[in-house]
Each structure stands twice: as structure tokens, then as C-alpha cells.
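Letters A, B, C and D mark the chains in the order given here, with residues in each chain numbered from 1 onward.
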Amino acid sequence: MNQEPERKPRILGFLCRWCSYAGADLAGTSRKKYPANIEVIRVPCSGRVDPLFVIKALRLGFDGVLVSGCHPGDCHYQTGNYRARRRMAITKKFLEYVGVEPQRIQVSWVSASEGGKFAEVVAEITKELKEIKPNRLFDDEE
Amino acid sequence: MTVTNMSQGKRFFASDNVYLPHLAIIEKIIEETPGVKTFHFNFKDEKLRKEFSFKSGQFAEYSVLGVGEAPFCISSSPSRSDHLEFATQQVGKVTNALHRLGVGAEIGVRGPYGNGFPLDFLEGKNLIFVGGGIGLAPLRSLIWNAIDNRGKYENIDIIYGARSPGDLCFKYDLDTWDKDKTINIVSTIDKEDKGWSGRVGFVPKVLEEVAPSASNAVAIVCGPPVMIRFTFPVLIKLGFTPGQMITTLEKKMKCGIGKCGRCNIGNLYVCRDGPVFTYAQIKNFVSSEY
Amino acid sequence: MSTSKKINKKDIGKILSQWNQEFTVLVPSKEGDVSKMARWDGKDTGFMDSHRNTVQPVKTNFFPPMEEMFSFQKDKEGYHIEPVSPGEHKLLIFAIRPCDANALAILDVAFKDGYEDPYYLSRRKGTVLIGLGCTNPYDSCFCTSMGSSPSDSTNVDIMLTDIGDEFLIEEITETGKEMIARTEELEEAKKADEAKAKQVKEASYNKVTRKIDTKDIDKKLLACFENKDYWEEVSAKCISCGICTFLCPTCYCFDINDDSFKKQGARFRSWDSCAFPVYTRMPMENPREEKWRRVRQKVCHKFEFFPMNFGSIACVGCGRCIRLCPVNWDITQAIESVPEIT
Amino acid sequence: MKNSEIEQRLRQEAKALLEQGKVDYIIGYETGSLKFTTTPLITRNKDDVERLIVSPFIVNNLSVYLTEIKGKAGIIAKGCDSRSIVNLMQDNKIAREDVVIMGIPCPGLIDLKKIELLLGKDRDEFDSVIRHNDRAVTTINGKEKDFPIAEVLFDNCLECEFPVPQEYDVLLGEPCAPVTGEVSKKTSIKELEAMPRGERWNYWKEEFSRCIRCYACRDICPACFCQRCFVEESEPQWVSPTPKWQDNLMFQVTRNIHVAGRCTDCGECERVCPMNIPLRSLAKKMYDIVDEQFQYKAGMDKNAPPLLTAYEAAEAEDFIR
């Protein structure tokens, strides 16, 4: 495990256990090809994701963060994804103002049956992040 | 009497920098209760291992490097010195990290700090130990020390309690002491529990029932703050004077050497002037901030 | 014959340049509009025009907001600890105000007591303090109530007094005497200059109008330690931020924390404050969760506990805590309102 | 109405509230211990109401005290403060019936720091600072200096949308119109947005390298009412307690996101910062984002749900894949 080469860019995904996490699982079991750049944290709902988590991930050096939940109207807890949407909307705008590239904060709706979509989302984000510099935001020297 | 103001013992600096820890290896881990572990350790440095000495009641600062540092008393006795011990409950960042460690893991240790128990003062006295929960750890160091020098002390009474039978720490010690005819031990738990035939009730209440004589006696108290707060009035009722009551206190500490500021009770710093105090020393402040 | 010297204010750069050969010279400077003592650029002496006192006290130069204590690495053999030494710069602090110099004397005691603090003391070692008497104290200053004055030279090596176009220069310590002896460009002061300096000092003393009475304050505080009503009233408007303690020239509380990434990391110390609930919070209890207990700790530490331990009040009357407080919490009002012993 | 008249009415109101037992505390302003400074007065004593004042220097947003007061409070509120009070109601931190709001229409507060910069003198060196409608007259050593009011008001006052309290039990003084003017250029949002993104990050990096983590910005903020702030969590340790710029910036950015929809642009965070970090340039940006994205302004309606707990089925989806 230690010898595994570091994948660039590194993405941290917060995936809702009811949909996107299952979607990612499906992408795996149905052998959909997608870049192995994403590391996943399963969350009970996209509404659980405090913007603090996103910022912490950037602080830890992840190049991008994906928050993924159920499609609007499908939240297991009725409104969690709507709340996530508001939070992520302001987080993305605000971080851009502070000086963070918008590509680093990503949000998607992926249902449990959308294995293909999950693979596409990861591929697209990976491509976008390859187009910008690696995350050196929190390095001491430029 | 007053407990000595500063550690008169030897100082073991990793260099001339008091804040640098020594490296030590965990040699054994005992699960005392769910959430409480005793760690046996030895210094990596051969020379230090031989030379290190401390007094019962002193503490050290233990590091999990990268996580942080926390103070615990040295719970083993100076009279039994092939290794050192400390015990800790899993309650915060550093203790969680300690509890994740296994035998062979490397930790940082600096110390010993604090004053320790006033052995000279205790000589020739009846010793009454009053402990609660993990508060037995510092008392245990002194109890073993007293047992190993049994001739120096008169009666030894131990009143020790915990929430439930499962929360009693150092059961192996309790068993040994129970068999020792030269000491008298009373264990208690807070509430009735199946299979428990001993006493039931909070430590201060049991202390009042046992009612040890104050004559030529010193009470040595350690436990959670709430237990300590309720124990002093009982001892006073039993005729103990402020100079006959000794406690070892726990406060949040960082530096361990009286500088970082947070562990004070009035003008006294628990790390520097304590952790062992007589009630006489702290009575002005104890009801309010401890 | 007079022993003091003088120098024209215009020529101050000339003596700083000489001192700069031997010392790291710190002068009142601004960083992002916040004043502090910082390295002299070797040229500019304009800083003298607006210097009343720095927002950041001089303690910052010896006990910085954060510092690395040691670093560590882990390899096959285990951990390796690499101590960080603050270096052997000999500092010269120019135009330090008497209150800040007195504050350093208080910190010296705290950091030397018992176990010596190597970080503070190694920076402090060999420091030369060039004091500058105040001629324009703030309305928040109360040094004259703390046994000091705007021209107090007790804890400096050399004392300067603004006598108009010139500074009168007085040697205070042996170090100061030697330095003056080997400093070129200084003129002999005349009797008239010394007379002027005396006038200036008296006038400055009278400009400090904020007064408190600290007689028996330790006893009064001990007597009202349990007076919750008093402390609740006094602390009511405090918002528990760290400004008054962080920017106090004598507050020295600190925190110690590790940072690590993968197999290496470092231990840092940083300022901490008795105003924060988390400062004393333990997993199970916090002896000072309530605000009034924290305010009491701050006041008592300075005016009761520190005097009990070290014989002097840990406040120099610089007034920063009053000037910078977001809600104008005023320690002089607190001290004045401590109940008399009944 | 003159401030002195407002003061008189205020004292009568406050006294009556205490006497009739309608409130346990009065929270207002009294003369501070430094020139021009006012200081919060929190009292149960009806005689203390004679100390209540109103002036162009009543800077504190007193609503910060409401969550710690035990009992009912009569509180003096300017426009922005009243919105902070409403926020607390929206978040169920206080109940409407526990607060009596004595509203004061606020024509803007004088920023002594700005006058200090203009005159190159400190506030205690001024003899007087007097506002005459749209002018501010400062006297130093007997000499008068006259400034257009827009040059000496706080930046947030110059961009104030609601000088009149939005929620009150009694309004003291006549409603007034907001004063407008140019905010400090160096730190304006416009100026910062004109920078390339990387430069902007470096700007904040530079600013936050000064931060000493005194937490005054958080502790003065009525929207920061968490019992335990994320910076104090140690398991997990979200933010290092060591004041490195990275963690300082992370703290402030997260704090701003956490108070989104609660920040009323009262400007207190920036005013109290002893390190002169232009915190309002962060806070106001979030205020604007919230307004643009959700047409939401904090503290306008005590019956509305808080911004971040509410949603509309169809809103901002453009950034979602």
C-alpha cells in the first residue's frame, strides 16, 4: 500500500450513503471506467457536509472536493440536499472571492442507479483539475 | 505543615531545554476498566533508565508526537523501579491517541514534575487513603511505597469507590491489599449492582460511616473534583484539621512547570506548587474553583 | 561636570547605524498599520514622529504569538526530536517606553522562576534597552499609579528624554555606560539641557491623569474572592475575547500544540488567554466556565496572585487593555470598585 | 430629534420598563472611560438609567449580550442591531416576548480611526468631534477641522440599507435616510475583485499572517452564538490553535460561511480587530452573495426561517453537475 504512487489530482468526495455512494459502488461493480483520483468519505446525507469539511480538505492538500447527494426531491431526509445546495452555492462563491479556483469545489446529484453518471462526473472533475495548478494554496512559500 | 514549594528532586532534562521530551517505549498495557488503561513504559535511553528517580505523587508530561502532550501522575511506586507506569482515562485528544497505541509504541515523556507526597511528614502516622475512580492512581504509588516501607507508618486505611464494580481500577492491587492483614481496605460502589457484596454509597458517605479517627492521622484524598469537594467537610466533621488533609489535584495543564498559567488555584499552581496540597493551603479558593 | 549626553533628533540615524553594527536594532514600526517593534531598515528615522507606544507590546519580540519548540521525524528507528533554538541575535530595542521595559522585568521573573524558559530567555539574553520617556501619554495610561512614571528608567540601559530638538541621553546601567562611551557623535549635555529634561519629566508625570489606588489591593481582592455579585457586575460587558491579555505587555500564558503531517511534525507554543473558556476546560469539568470567574482570574492574577508569588503587581499601567478593548472594559474601574474590607 | 431628546425619552422608557417589572435588565450605552468612547451598560438598577446615552459613537451591537442574559431585557438597537436581534429570534436563541426593543434610527456612526488617519493624531488628542448633519467638525488644540460626514463614517454605515430598526417596541427619534459615500478604497470589495484570483489569495494570506487569534471578531459577533466553536474542537482538530496564517484564514473563512444569512453588516468584526485586518471585506462579500443568490437579507423577518435551513425547490442549480 505504501508503494502506491500518488495520484494527481487528488479529489476528496463526500458521498451521500443513500444515493451517490451507492452510485459510486455501482460504477465499480459494473466496471465503469473512471479515474482513480477520488478518495471517498461516506456521509449520511449531503446535508451533513459542513463547508468546514470542504475547506479542511483543501487545507489538507486535496486538489478538489466533490460533494454529491440525491437529486432534488429524492432526499432520504426530505430536505438535506436542498440545504447542501444552499451551503455549497455560497461556499463556492465565497471561496472564489477569497482566491480559490472554483474548479476545486464541485457538487453533483448522482442517484444510486447512476453508476455511469458518477464515472462521468469524476472524469470531468479530474480533467478540470488537471487544467489548473495543483493545490498549493496553503503552502508557506509560493 | 506545608508541602514543599518546588520539586526538590533531580531534574532530568533532555538537554538544557525543559520542554523537550525523552523518548520512551510502552512495554505493557493493562485495560483497567472500559476506557481506562495503565501503561508500563521505560525510557529508550539506557542511562536515563538507570538514573531516573521520582517521588510518589509527582507527575510527568506524556506526548504522542504529532497529537500533543498531557500530564498524568506516575502511578507506579518509586520502591518498585524496573519500569514506570501511568494510567489514563480516554477522554480527549491526547488520551484517545494514547489508547490507540500498542505495546512497543514510542511516546515522549518529560518530568518528573510537581512536589510529590510529603513522606517525612507522613512517617509515624496513621494513613487514611480516600480515593475515587482513577483517582486511585497517585494514591497507589504512595500505598505501594508505604507497604514496601511498612515499618515507617502506623495503620493504613483505604477507602476506595467507583461508579460500578466494572469501574474499579487496579483490581489486582485491591485484591492484594485485601489479603494484606496489615492494611484495612473498604471498597464501595455508587449504586447496587448484581454480584457486588461490598458496600454501596458515595465515597464521602462511606467515609463518614467508617469514621476513621483523626488522632495521629493524615487523610490523603484523590478523586473527581466533586468527590474531593464533598470529602473535606466529612473529614472536618471527623475532627481532621486542615493540616491533616492532603489532596492531589488535577487541572488542565500544558507546560507542567508553572508558566503556561491555567492550572492555578489562587496563587498556587497545581503543576509547580502541587499537585499535592494540604487543605490548609487551598481552602481559600477550593470551594469556588475546584 | 555633567555625565549626560545629548544628540540632535536629526542625527538619531547616526547612532542607530553604529549600534546596528553590533546589534539587531528594533525600532517602532508598522506592519499593516499595526505598530510594533521591528527591525530597523538602516535608514528611516521618521518613525519617531508618530511613536506614542506600539499596539503590540515589546513582549512580542521575546515571546511571539507562536513559535516552534521542536520538530520531529519518524523513521525505522523511531522518533527523532530536533530542538529549535531561537538564535543568538543580540537585540537593541530603541525607544522602548518605560512601561514596556518594566513589563519585560516582570516577564523575566516569570520565565526565570523555577525551571528556566529557554525560548524567552535566549532571545532576551544580552538585549539592550534604550528607553524613551513619554511626553504625550494616552488618556488610557496609568503608569504613575503603578509605581512608575513616563520617565521611569528603572529597567532600561540608556534613557532618552525629548528636550525639543534634541534628546538628552542618560546612562542607567553599566552596559548603558559602556555603550555611550563607545558611541560617536554624542555631545556633552549642558546644565540647561538637564534642567529642561527635568521640566519635561515633571510635565509628563502630570499629564498622566488616570489614577488608581492599589494600596492593600491584594488583601481586598482576597477578601472579595467569593463575592460573586461583585464579579458578575464587573464582568457583565466583557465579551471574553483575548485582546486585553494578548496585547498586555505582562501577560505570558501560553498553549502548546502539535502539528503533524505524515511522519513529521513540530510542537508549537502560542499565546493563550484566561479570558477563553477553553483555556481551563477539561473533558469532564471546567473550573472557569463562567465569565465572572475568568475576569476574576485576570484581575486577581495581576493584582493578587503575582504579587503573592513574586512581590510585584503584574501590571505596568500601559493602558493597552483599555485602549484596545472592544467594549471599553476598564481595569482601572474594576480595581477602583473592589469592595473595601469590612 | 436631537440626541439629547432621544436620550431623555430613552431614560424614561428604560426606567418605566424596570419599574413596571417588564424587563429584568436594560442593555444600553453609557459614557466610556476614554474620550468619545461609549461602553455597554447592562443594569438591573433603575437609577442607572440616568447614565444611558445616545451619540454618534454608540458602536457596539448590543444584541451580542442577549444570549447570555438570564431574564427579560430592554435593549437599545440601531438599524443593524435590530436585525441581529431578529436573527436570534429566527434561530430560536431568544423569544420575542423576552425582549423589549427600544429602536433608534441611526444616521451612521463616526469612525474615529478614519479621523485619526485624516488628521495624523490619536483620538485622545482631539478636543471634540461634533456632527452637524452632513459635516463632522473636529477640534484639535482649539483649531477646527471640518469633514464631509461621508469621509468619517464607518464603511458599513456608508453602505447601510436600513438605518431604521426593522423590529422594535418603541422607536425613539424620527426615521432617517441612509448616508452614502465611498468606502475605504484599499480594502473595498470592488478593488479586491479587480485583482487576479491568485493575488487575492495572497492578499488574504498576508492579512491573516498578522492575526493573533484573539477571537474578538467572533466574540463580538451576535451571529456567532455557538456554545462551542469549531475552532475549539480537538476531536477532530479542524483548525490548529497555533496562529499560522493558514489556520487563521481557514477560521475566518469558515466563520463567515457559518454566519451567512445572519451577518447584518454591523461592522463590529472589523472595528474590534486589533490587527487591522479588513474583516468587513469578507463579511460584506458574503452578505452580498446571500442577497444575490437568494434575495435574502438577514434579520428582516422574525418569522422567516434562517437562510441555511430553508430552500426553494428551484434555485441556484447552475453549479451542480
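Operating definition for what follows: a contact is a pair of C-beta atoms (placed from the backbone, for glycine too) under 8 Å apart; a residue touches a chain by one contact, two chains touch by 3 or more.
What you see is a predicted model; the values in this text were computed from it and never measured.
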Can you check which chain pair, B-C or A-D, has more C-beta pairs in contact?
B-C
Between the Cα centroids of chain A and chain B the separation in whole angstrom comes to 49
If you average the CA atoms of chain B and of chain C, how far apart do the two points sit, in angstrom?
38
Could you state the distance in Å from the CA-based centre of chain A to that of chain D?
35
Multi-partner residues of chain C (at least 2 other chains):
255, 257, 259
Residues within chain D bordering two or more other chains:
none
Which residue numbers or ranges of chain B touch two or more of the other chains?
92
What are all the touching pairs of chains?
A-D, B-C, B-D, C-D
So, in the complex, the side of chain D touching chain B is made of residues 234-235, 237
Show which residues of chain B lie in contact with chain C when the two form their complex.
6, 11, 14-21, 23, 44, 63, 65-69, 91-92, 106, 108, 224-225, 250-252, 254-255, 257-264, 266-267, 272, 284-285, 287-290
Chain D contact footprint on chain C (complex, rising order)
31-34, 50, 52, 55, 65-66, 136, 138-140, 236-237, 239-243, 246-247, 255, 257, 259, 268, 270-271, 273, 276, 278, 291, 322-324, 326-330, 332-333
With touch defined as at the start, can you tell me which chain A residues reach chain D in the complex?
50-52, 55-56, 59, 72-73, 79, 82-83, 85-102, 106-109, 121, 124, 137-138, 142
If you look only at chain D, which of its residues touch chain A in the complex?
189, 192-193, 197-204, 230, 238, 246-247, 249-250, 253-254, 256-258, 260, 282, 285-286, 289-290, 293-294, 307-311, 313, 315-317, 319-321
